[in-house]
Amino acid sequence: MLIARVVGTTVSTIKDEKLAGRKLLIVRQTDEHGEPFGKPFVAVDTVDAGVGDLVLTAAGSSARQTNITRDTPVDAVIMAMIDSLEVGGELVYRKE
Amino acid sequence: MLIARVVGTTVSTIKDEKLAGRKLLIVRQTDEHGEPFGKPFVAVDTVDAGVGDLVLTAAGSSARQTNITRDTPVDAVIMAMIDSLEVGGELVYRKE
Amino acid sequence: MLIARVVGTTVSTIKDEKLAGRKLLIVRQTDEHGEPFGKPFVAVDTVDAGVGDLVLTAAGSSARQTNITRDTPVDAVIMAMIDSLEVGGELVYRKE
Amino acid sequence: MLIARVVGTTVSTIKDEKLAGRKLLIVRQTDEHGEPFGKPFVAVDTVDAGVGDLVLTAAGSSARQTNITRDTPVDAVIMAMIDSLEVGGELVYRKE
Amino acid sequence: MLIARVVGTTVSTIKDEKLAGRKLLIVRQTDEHGEPFGKPFVAVDTVDAGVGDLVLTAAGSSARQTNITRDTPVDAVIMAMIDSLEVGGELVYRKE
């Protein structure tokens, strides 16, 4: 899974019928401090995440292993909200 | 999913029989403003997209989860047309 | 799918028994003009491609969705020969 | 599989219900000497690994082939603890 | 598939039970001349390969399509030994 930050939202009217009602968020991978790097990608939200949240994303066929994404043409899912991260015994991120 | 722009078309006569009638478009990944970067790849269209459209693409086995791509040897699909993108509360892309 | 050019051939006597008789070609990804870049990889041919041909390759589990590759341990397949490519309304590649 | 070092831990209360009780560790890929490089990612532990351990990780659908991860939305798993690594006939890593 | 060279071996006592008896080799991707580049990764051997051999590796779910790797948590397999490689009509590698 990637540590990622939700940075935005997408609106799409014309899409695969199985995606009706799915929330497609724009996210960017971050380092362990929650600092984004690299280009944005889009993931289906399954945990009621919002812009600014630090989350975990799963990719590929694993993105379809939730009740919300099963059998849908999506290759990235937000499957957890991050409360805190600890690296080398030190707290490096805590949700405010 | 990747944010991508349709930049071109392919013509292929000799191909896997399950690809007969499928529209194979050339796309390039873009940033959240719709600016392309990186090398082109090819995705099956399922939403009647055309050159210039900003779309979402799904890769891998997820690309086969549409009625048009099921059980076919394709690893990328266009499964949504993008109407608009919002980043950090600001509208950064709107389809013209 | 990737746009790729067939650049060579492999010979392998000791291999998984399900690969007997499969043609394993060396390919390199190209840009939309058929110009190769990056390192070579190996894909199973299913369209009678030869050295010099511009082709499409599919990766991952999608590479196993042809009659020739089903249930075999291969992660890349040549599933189409490219006749022509058009980018931005301009013909950028045509098979000679 | 990647050679990786466990560098930290994550805490997540809101997550997919199938992840309840799973231990999600922060890891970084290493070279053959156990030297980390690149950005951290998160993998499910199945071998009782802890911070500092050198491990092997499997990605994608393969990450779901353990009793702990079956049918869960995870794309990386720690499936082995590394005792030692030998490169070119020379011992380059041994667990202390 | 990738062209890769076997560069080393791993020893792992604590691992997923389905990996008992599997040989996990350290490999590095090579160019068409067998010259390694990039970082090492680990693949399950199915063709009795040894250090120094030039091999083909398959990744992802395709790595589980052999009798030795079926249903196991591994994402890379050595499924062929390379005898020779020809690029542009010229022999660029032959096993000694």
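A few remarks follow.
Labels for the chains are A, B, C, D and E, by order of writing; each one numbers its residues from 1.
Everything below uses one rule, namely that a residue touches a chain if its C-beta (ideal position, glycine included) is under 8 Å from a C-beta of that chain, and two chains touch if they have at least 3 such contacts.
Every value quoted in this text rests on a predicted model; they were computed, and no experiment measured them.
Think of each touching pair as a link: the shortest run of links from subunit A to subunit D has 1 of them. By the document's definition of touch, subunit D and subunit E have no common neighbour. Centre-to-centre separation of subunit A and subunit E, using mean CA positions: 33 Å.
Work out the mean CA point of subunit A and of subunit B, and you get 20 Å between them. Among the residues of subunit D, those in touch with two or more other chains are 60-61, 63-64. With subunit C taken as the origin and subunit E fixing the direction of travel, the chains line up round the ring as C, E, D, A, B. Considering their complex, residues 7-16, 18-19, 24, 26, 39-43, 51, 60-61, 63-64, 71-76 of subunit C touch subunit E. By the touch rule above, subunit D contacts subunit E in their complex via residues 1-3, 29, 31-32, 37, 46-48, 56, 58-66, 69, 77, 79-89, 92.
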